[in-house]
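Below is one structure; the comments refer to it alone.
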Amino acid sequence: MKSSRSYPYWFILPGGLVYLVLFLVPTVAAFWFSLTHWDLFETRFIGLENYYQFLREPFLITGVVNTVIFGVLTSIAKSVLGLLLAVLLTSGLLGQSFLRTLIFFPVLVSTIGVGIAFAEIMHPARGMLNIGLSYFGIQGPAWLIDPNLALFSVALVDIWKGVGLATLIYIAGLATISSDYYEAARIDGATKLQMFFRITVPLVRPATVTVVTLSLIGGLRSFDIIWAMTKGGPGFSSDVLASVIYKQYQAGFYGLSTAGNIILFALVAFIVIPLTYWFNRREVDL
Amino acid sequence: MKRQQIINGVIALVIGVLIFVTPFIFIGLTAVKSAAEASQLGLSWPSEWLFWDNLVAVIQARNYMLLLAYFNSTVITVGAISLLVISAAMIGYVIQRRPSKWNGFIYALILAGLMIPPAVVPTIWLIKELHLFKTLHGMILIQVAYGLSFSVLLFRSFIASIPRDLDEAAIIDGAKPWQVFFKVILPLLKPVTVTVILVQSVTIFNDFTNPLYYLPGKDNVTVQLTLYNFQSQFSSQMNLLFMNILLVTIPPLIMFIFFNKQIVKGMTAGAVKG
Amino acid sequence: TELSILVDNSPDTVALTQALTSAYSKLNPDITFEIELRPGGGEGDNIVKTRLATGEMADVFLYNSGSLLQALRPSRTLEPINDLANFSNILSSFTSTVSDDKGNVYAVPIQTAMGGGIFYNKRVYEELGLKVPKTWQEFMENCAIIAEKSKSAPIAQTYRDTWTSQLLVLSDFFNVQAEKPNFATDYTNNKANFATTPAALRGFEKLQQVSEAGYFNDYYGAATYNDGLNMVATGKAAHYPMLTFAIPSIKLNTPDYIEDVGFFAQPGDDADKNGLTVWMPAGYYIPKESDQKEEAKAFLNYIATVDACDAITKAIGANGPYLIKGCTLPDNVYPAVKDMLPYFQEEGRTAPALEFLSPIKGPMLEQLTVEVGSGIRNAQSAAELYDQDVAKQARQLNLPNW
Amino acid sequence: MATVRLKNIHKEFNGVKILKGIDLDVNDGEFCVFVGPSGCGKSTLLRIISGLEDATSGTIEIGGKDVTKSDPIDRGIAMVFQSYALYPHLTVRDNIGFGLSLAKRPKNEIRERVDAAAKMLQLESLLDRKPKDLSGGQRQRVAIGRAIVREPEVFLFDEPLSNLDAALRSKMRIELTELHATLNATMIYVTHDQIEAMTMADKIVVLNAGHIEQVGTPMELYHHPQTPFVAGFIGSPKMNLFEGAIAKEHNADLYGIRPEHLTLSPKEGKWKGVVKHIEQLGADAIVHIHVESLGMLVARADGEFSITAGSTIYATPQEGKEHLF
Amino acid sequence: MATVRLKNIHKEFNGVKILKGIDLDVNDGEFCVFVGPSGCGKSTLLRIISGLEDATSGTIEIGGKDVTKSDPIDRGIAMVFQSYALYPHLTVRDNIGFGLSLAKRPKNEIRERVDAAAKMLQLESLLDRKPKDLSGGQRQRVAIGRAIVREPEVFLFDEPLSNLDAALRSKMRIELTELHATLNATMIYVTHDQIEAMTMADKIVVLNAGHIEQVGTPMELYHHPQTPFVAGFIGSPKMNLFEGAIAKEHNADLYGIRPEHLTLSPKEGKWKGVVKHIEQLGADAIVHIHVESLGMLVARADGEFSITAGSTIYATPQEGKEHLF
């Protein structure tokens, strides 16, 4: 195929230009600031001092561990649940459209609202969650207060809020799979479960790639939901890199937080780039 | 067995609904309470239903700021989405269809957009130079720049599921590259396009940080900024805040209900034999 | 002409900004105002800094006094207001917190000074026959009695809003200063710190002490600021360490109980040295780059008048002593306000909070106090970590000796 | 036991009647061929038998069991799709072995059976390719391979050889006939190829516009078509059919004579005409003759037959070979 | 002017050589048919001519102009894809009219031309359907329609009639031949159907494993195949080819005789054998005979020929009809 002319590079131009000017250029500029002491008004070159300082943060290790746990946990959960929900919600279920809306609704609601609502729902005593659990004779834990649990509780809410997006992408992915393959599989004697694992899962791969990539990057950088619910607490127990950086930023340590952002970027890239490389290598073309 | 399945199904459904609905009952109830009651949070029944009062209070707040915000947010969202969908689909199309040594690099740049947080201050300097600061079209372009990575990623991976034979048929039929794209590829990308529209418009409509920095000024308020009318660090009017949250959620919700039906199954069925 | 004015979004500031601007417009019909809101807290600080740095600041803006001001590089970015006609009306206790080392003053205060101390429930005190404590010892005894004899929690803590956890440490500064008058200077010069100064460490220790004694309300980790105010107003808790700016919120949330709420300063170890740690209110500033400086100054000049104080009182009530000469409080102030005033009326019974005496305040304090209050960390360790945090801040500010 | 019995099958798509009451018995081990014009409903009927499509009404029995409501899995069938429907994410090997691996057969059994099928289909060298890297005919062979490795009781083939060359096609004909003999399975086979229909079928079903025109052995259909449609459809080139005088002469509405039953002579014969066009096929030649009294007449002649367009020729129908309707 | 000239075309996929030096001239207005076994590279060659695929090396000229590096759009071609490649989101009408509407032809012209094509292809009643609601043969016809409405200088057809029934197929053969005559366009046509190849072609190109075996008129190929491959490939049933004694006898490596050039007799003849199997096609019968000295021998007999499997028979090659290699 004469790809040069059928798929001309100028197609990239309109979006690419906007992206270049409004995103890449400032980003490169920001890199310079990570090498300076910067209070927004003045910069003073200090070399790698900021990086050194950032890596000495007292709760950095907790932050990195939490970041990875949070990112991996939420993206796996969103991908798996999203796929299952998408399959369920394309199966012609009664009230399917309503259920789709229901599941997507959390995506629409502002994080602030979700944060406040869930802090209340997860209240150890008067929260609906524990009241609900007590009907089953379960003594619910102190979700957001228990330092060992807080991160996971936030992750739970993040999954709740984000699974609608994953589901939507999966629904779009399922829509592109030709029913021919399911027919062939039915003839080949596949059970529902086999069809799911051997037809749906491989053929919905484009959606999976997107969902995993997006939710992993999102999860590793996640911050607003954590901030809205625990502010990284109690203490520092649910701090992630992004919230550590945000706190520095809030404190006015701009150069330091820029350096932190670059370190976070490096961490995300370190995890995501090999993954996408692996994904792309196995892409099926039609 | 069959009966058991139905019962299980219903139970699962009820649990599902509970999980997704209860938080909204909470938000909804809080939104109709009095300030004093709302400040106590909790899922108690309101002693007094102040739906209308709160609604009016929210809409009237600060000179009907909410209505202006609706307008601004809508303009930004619609403008940015139109540009985004087309430019992102075009980029995704080219990098999916055209294998070259540049692709890895372009792809990395795109991922960078998801991995690196935008640099606010340099951006402000830049858009001031470009005379885009404090303008709606500047805001639109910024939203395009920030939403591009996500959209390209989504489009790129879905374009793989459209058989290349169709591009070829169109090329043989005499279509220029842009005609192949707009007349054959883009219509077939409808499920993804709808997804991008939904997700990005929610993101842009609900964006709060970016307008705050790039679009200051009373005439430029966007919907999420209206939440500030009722929420502050030290004290919040929870009832009005939640009413406001509900109100700003409605336009995207309507969008969703409308577009959700547009995700049609089996768009490429019958296209090729093979 | 239209002046733009950027304020934070707390209902009080919005209300009083509206009151002040409309009062001023009534006097000067050719001046109108455009009020812009920003969030409070660190996010809001960043917006102010960003807009100042990019030259996009409103004509007038609201900002804190004290340590946070230095981050704005006031001498570079702000317009001094020493030349206002009413400049001399502003009390020096305020101007000293909004000036640079050359003596330029940059802000006019709105609102009143506030105290950081302990709200208490008068009804509980009455029922149990308790007296307002003058020493920490007495306070602990009161708590013990409350714990034993009533259903009320002795002390309300509300860690879902983490910033509320700092109060027992911050409000203790009067006592630190009483014992170590040079602490603030030494601290700024890296000659003293929290972990090694027993008087300063006391704040953390007090927090640890009440936490270990089990005096907190149930599920304080999940309670909010509003919960705390409600508890102390309704008597579910007997004490709530807090700043007096909470009084309007108590009025809003629990109007029926506002008369039950009293206030006292956080007691120290010596009954003779009993006084209040005081916070200065935020003020209006003018950026150097404003092209309507004269109009803005005229507006600020108006703020420094008794008329302006009265407009404020009318809008949100009087919650403490004004910092403008001649401003008075009405007689019918709430009991908590009434309880606070005597400290101001006697010489030597107030001290500014540390953040008004030193530019350094570590950003981690609230997390550390949550840890101490939750029993995750002891006072000593928290103080040490806080000292590290402070060191980082000082280096960022490029202070000498760090 | 795998008889297939269709009772009064109807099918509508969006209100359009596609199948209008199909009754058919296919015996155990029979090789049954469906023929009919494009769009007449052959694939639809196959899909209904397979269970992929529900009939609007009617019942289907396989092996004596009513399977009208059963899933495809429970019908013991394999099918070759007209559109192939190969799994794009699997290699040729995995495509062919898919059914076996679903049935959890041991790895080496799968490998052996796939290899055997690939050998028969001349796909050995392509086993590691993905479908998109195959030619049209190769894809079709993979589709066949996928069906035959499973050795079910009933095979459904939808034009399985349409994209193969003549040589391979006749090889495949023989292979499928042998497979049929070995497995003793029931086979239902859709084709447009007259040779396939005639040589492979035990029974041919002629479909037209949603109903069955005639069912019979190949020779029955060739020699005794019951309707003009069948007469015209079976046999290639198609039978000459005439209304008018000649039909009247035989007391019928329609008179038919196959091209191969006309004797041509440059000198004498029943009908005199002018040669309009000759198609040389090598072994034979198809001669298009214009006869005044009849119109166009098609005759089949020997490959050696040499005459030029425009010359006069005489055609004589062979005795007793005419068909009357 | 639309000659097509290929010079030394090579094509590799991932290092596998698919086309190994193709040199070919197709004259203006010629009807050129490509035949060859499945997977030999016919479609690939067509795609290279169309410009969809780049040749690894070699040049292509169309109408005397070197178009090796030109875009498909600049080559003045239309193509029917083996896989159809219909636009799934467009109706049949819009599928067919797509090229015209891209060329900004007036609405009513498009309508007329689409209607005419639809009529010829018997698609009139389906014009408002989407491809997924069509039968296999209907889809194929839409694919044809899409190519022919555009009336370009060069047509490329990739097995365009493979899914059509015999009747429609012979109708389409005539239609395409007429179209060819009217438009005087150059046509390159891939088929597996011997009849199509023989009747439609001005020139047949026999491809095998990526190279050209022989180019010639249908009768040249039938009567004078230059290689055993061509001999075996052209003609159905295929030519009997024997090595050994019989070939030696004629001073050759290989002796060939077509089934239709064997005279069968129950009584006497050159070769004596036993009838193993008879395929009755109606008009003819294919007789498989086992001859001791040769092996299996296939002969074509009259449809009337009646003999049972197992009986003894004599076959005699017709004088001068043998092929020697």
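Letters A, B, C, D and E mark the chains as written, and numbering starts fresh at 1 in each.
The working rule: a contact is a pair of C-beta atoms (placed from the backbone, for glycine too) under 8 Å apart; a residue touches a chain by one contact, two chains touch by 3 or more.
Here is each chain with its UniProt name: A = Sugar ABC transporter permease; B = Carbohydrate ABC transporter permease; D, E = Sn-glycerol-3-phosphate ABC transporter ATP-binding protein UgpC.
All values reported here derive from a predicted model rather than from experimental measurement.
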Is the C-beta contact count larger for A-B or for B-E?
A-B
Taking each chain's C-alpha mean as its centre, the one farthest from chain D
C
List the centre-to-centre spacing of chain A and chain D in whole Å, with centres computed as mean CA coordinates.
56
Cα centroid separation, chain B vs chain C, in Å, comes to 39
Using mean CA coordinates as chain centres, what's the chain C-chain D distance in Å?
92
For chain A, what residues touch not just one other chain but two or more?
1, 5-6, 40, 178, 180, 284-286
Residues within chain B bordering two or more other chains:
41, 121, 163, 168, 171, 231, 238, 266-269, 272-274
Residue numbers in chain D touching two or more further chains are 82-83, 86, 132, 136
Under the definition above, what is the set of chain D residues touching chain E in their complex?
13, 35-39, 42-44, 82-83, 133-138, 141, 158-159, 162-170, 192-195, 198-199, 218-219, 222-223, 232-238, 258-260, 279-284, 286, 300, 303
List the residues on chain D that touch chain A in their complex, please.
50-52, 71-73, 77-79, 81, 83, 85-89, 98-99, 102-103, 130, 132, 146, 150
What residues on chain B touch chain E, complex-wise?
163, 165-166, 168-176, 179, 183-184, 187-188, 266-274
Could you pull out which chain C residues touch chain A in their complex?
41-43, 45-46, 49-50, 52-53, 71-73, 76-77, 159-160, 162, 218-219, 221-222, 363-364, 367-368, 370-371, 374, 376-377, 385, 388-389, 392-393, 395-396, 398
Within the complex, which stretch of chain A touches chain C?
37, 39-42, 44, 53, 58, 119, 122-125, 127, 142, 144-145, 147, 231-237, 247-253, 256
